[in-house]
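I've put the structures underneath this note.
In what follows, chain A forms one complex with chain B and a second complex with chain C.
Entry: the complex of A and B
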């Protein structure tokens, strides 16, 4: 925070500050933990942070698109659980190893995610239910569905090829980190290079205008939720790859972590501002705090409190409150 | 007793009130008339404390006062009955009447509802409205709500020792004839307790009710007439009287339109509650101007052409065929472009760049399989920045950071570059400075030369007359008269105003 204050004094505009503040916060945090405990800076520790962060990153990227549209998607926990369990059953049923037809379970899981997101979007748009409520309800439906499918059991995925996501390392980082990186680039491409990505910003920046420009806003919204569903599925796959188990609880904690990450990264909750790189920074901030507190020996439960404070701080920092007359 | 002396109010780029003198005596009803944008609403806002004047003084009974907010004005006996009704519809009538002043009914920290209901009944009796104060406001008719608003303002009587001044802003616009009579007789009766300032577009009503009438034009009071000597024609002349500069509206560039080519046609089209039985043809190269007061149905017609309103009866043909589905996408696909009045809300997306805004309505033309060809988009933007001399450092500039005139150019470039040839302009020059206005007029002429048809709702009557080939005058959603606007044979302002109000 000290750094951000001095830069303001140096005459850097508020916009520039807001744009770079999340990255500064991340660097300051890293520096802080490194000073407290030099081992924090090791490749091994960074790999640990990234392994923990990748599933959340995927989920957070999915929800980023929705938040850019000015809506919100809270269905991620249920969606991740369903995708994870659906993947696991399909994978085992088709042979249980990536070397067989079981690889089809991966696109299948993504399809399941897309369908969940599509239904979610459909409910939100066609029945005109606020996205907050529609997606929250869908999330619970998903959690319930996963419970029905598994009967509360854990499904183990022990295929070595699939577990290579975690076990196989290149330059000290496991494969899943690179997979997540690939999907981050895909998300970036969608955000900047496709009509869909442009439409997200248009809807979030001014829905009336998007309509007055002849955009099919309902379609954009439904596509957005579908896309988010796909990214939730990728998050589910990485989550299963990380621990080798698919169960109803696979989806736990994703909601708070991903929304926190998106907000802390500087994507505005009212839409139109932000993007996937902001979300990457936000996810890293969240996981660096979590990891750093363990490394310097603070109890884990302090983490949630710190993250909660961080969200409030991030919103204060990124909101130009003068221009907002009412907050609901 | 209530006086404004030499009151001045300036906004960036606009001199809204030019040393206005205004007096209202005890028990007097004063009318206030003027065109849209003449400064009536600014004047009212100064009176009821929403705006603070930049110059001049306000005095009540000779004492100078200064209001920081409407509440302070209320404490001096000045109340406002709003045009867009200011009642909160999910609260009861009694709650609305005493909104913000509940403290008088509080006993031991809770509201004494019985006392409040009884007090509300007394207020409603003043306006002769026999409804249960516990009724939820949304259940009332518009006329009843108008009376509740009046009752709410009349609570000032009990709170304030001095005299009351009550502003009525277009109170009759939603009322039927007999309801208007009722309101007027009520207002006359109430003059024993309060003075009224009455603002209306309906000249006959202003003449009927007011003791004196202030006529405003361009932010100044141009005349004050007593009821006895007031004449509708004389007042209308005062409201508009100004010479039109032909050069300014590019009349020399106005060419006859191509009467053989109809771009869009309305045949006896109605939208319930908005307008009724409207017919016209829009030809290639024609500027068709819809003239009328606020709420006369002009905007609703534009919205219908753009597929945002579904007609309840009649047929619309755009390029020879009716819309299959009434949506904006369908309209855009047919080549209709809409330049809305609220640029910030519907014109440009804040936070998106110049080139992103320009291709927003036509991304299909700049993408393959959903992937954008950004290089082409930028080339397009650079081309139009040059053609319309848009002042922007580069194509990456956030559109929200451009000046109003340049934003308007971006909006026009968006539609023209996409090949739209039916352009709907809703107050295209509102809030622009003179240079930017002239640029817009130039663009209108160029679009006509290129074979586009334009439906215009102009910011001022002069603009309407100067720019258009054809003028349709509307009043309360009904067609009044059609004027031909060929250069040299244009109707006068007075001709139009006569049919508008």
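Entry: the complex of A and C
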């Protein structure tokens, strides 16, 4: 990354601006929607935003690690579908309620996610295929696999204990929000307090340097994809908890929403900067926009266009144009 | 003969072997009228793959093609009554514009093409949902036949769809091999920095390549909507993976620079043969996407030029 800091007239460096811009955008958005429609600020509405956002938050945190490394993972739609369906079948097979051995379906789903991520990483690293294409293809395979597993059916999870994720509320917010918060802290711990977390930044900051200083980059990459797979699985579990159904379509829309969230949150596609808190802000921006538009009465399709523009704008703003010559 | 020299012939070989295999298991496959119908059926996909070839040939990718085609099916359906056959101009202009904009965003604003086109795809989808009012629309049969009936006629046993595909292939082939623009595309795909150093207007060439892929996506969408006599924001879903597979299986690597539109013809035919084999072998429809995903990975791994990528991100 460029070391030179270009200072604007107000005396704020470009880096500081890039760092705090996402949070600023989030606050401005909230203020805007609150002025347009005061009901936006109610606890009920915030709970609604968070319920919608938690599965995406988990998926986006997973892909954050990958983007910090300068790669990308586009396999989330397939991975989430497969994890959701695998969880549902395992859960029903083992008894269908969390009070029995069926709780094992939760670690099982995370294992499935890890395996998918591991395979994804292997294909990317060992076959030397750019990650966006390797993971896109894996995503297609995943969606196909979920379709084969379900035969197009929807699997209902009606266990009250599992659905407590949505129905049980503490201080007005359902349990799934707290679960997501817990995993956010775990991700933050991995990012800041573990060797693996620091290695992600090392790979993203400059792969040549990382190799030269003796880092096994291939291993870090594969572990990154595996870790992302686990978070995709957590996202899948929360998505199933939210609607009580696992199907091939469970994974729909996760790709664009999560990538948008990560990029808008300020984690640069080039790698090396950003992190899980950026992703939290990014996810909130995406879902505040989605919710706010509905609250002030705009049709749903406007959101797609706004997010499309936002992601392009975010990449443009986070790019230091002097440090690159061309992109593919 | 070394393996490297054989490499360009792999797609042809694959196609020949596949055709013989499928023909051996199912002799009815060689029935000419069945074959023609099979190929005619795939024309919209082929056109989309032709456009994708330009994006991949310069080392980029266009993930917005499916959504551009979706948008065009809606545009064509909504404005057919008003403009008649001239709705085609509107559709092609839309595709060209969206593609050019994607190209401008990647080249001038340094947004990697897969993100830029993904985002542009969602903007196109938004437009499609807006125009269609989130409903599946159908064309007025009379207006459709009057303006576009010729697309699906038959002359001496040759479906007009095939003629259209042939003409488009000829145009694309001419552009690629017989014009300075085509040579410039190859230069950009083979080594962008070298192309810049030798004085080519690389930005313009890349923007044009994306504009072409958008244009072809629009033509594919138009044919698709006339064929199904309607428009819908999800009509062309499922085409993207097949178009990418067709280009890569044909031997145009993700790294660009080699291959081209004739390769895409071979690649599309390979996809057709695999598809019909799966139907004949009663492979469940749900399995097909998985299989094409795996084929995609294998095709990329086999064709990609690793000497061009010092670091694989």
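FYI, the second predicted complex is superposed on the first by the 319 of 328 C-alpha atoms of A that agree within 3 Å, B and C clash if a C-alpha of one lies under 4 Å from a C-alpha of the other, contacts with A are read in each partner's own complex, and residues count from 1 in each chain.
Heads up, the rule we're going with is that a contact is a pair of C-beta atoms (placed from the backbone, for glycine too) under 8 Å apart; a residue touches a chain by one contact, two chains touch by 3 or more.
What you see is a predicted model, and the numbers here were worked out from it, not measured in a lab.
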| item | value |
| --- | --- |
| Which superposed partner A:304 touches (first chain B, second chain C, both, neither) | second |
| First, second, both or neither for A:280, with chain B first and chain C second | neither |
| Partner chain(s) touched by A:127 [first = chain B, second = chain C, both, neither] | second |
| First, second, both or neither for A:209, with chain B first and chain C second | first |
| First, second, both or neither for A:147, with chain B first and chain C second | second |
| Per-residue contact with chain A, leading partner among chain C and chain B | C |
| Intersection of the chain A residues that touch chain B with those that touch chain C | 208 |
| Chain B to chain A touching residues, read off their complex | 306, 308, 327-329, 331-333, 338, 340, 345-352, 356, 360-361, 363-364, 367, 370-372, 374, 414 |
| Sites on chain C touched by chain A in the complex | 59-61, 105-107, 109-116, 118-123, 125-127, 129-130, 134, 192-193, 196, 202, 241, 254, 284, 286-294, 296-297, 300-301, 304, 306, 309, 311-313 |
| Chain C-facing residues of chain A, complex | 70-72, 74, 123-125, 127-134, 137-145, 147-148, 151-152, 207-208, 256, 259-260, 263, 269, 271, 299-305, 307-309, 311-312, 315-316, 319, 321, 324-328 |
| Residue ranges of chain A touching chain B (in the complex, touch as defined) | 193-196, 198-199, 201-202, 205-206, 208-216, 272-273 |
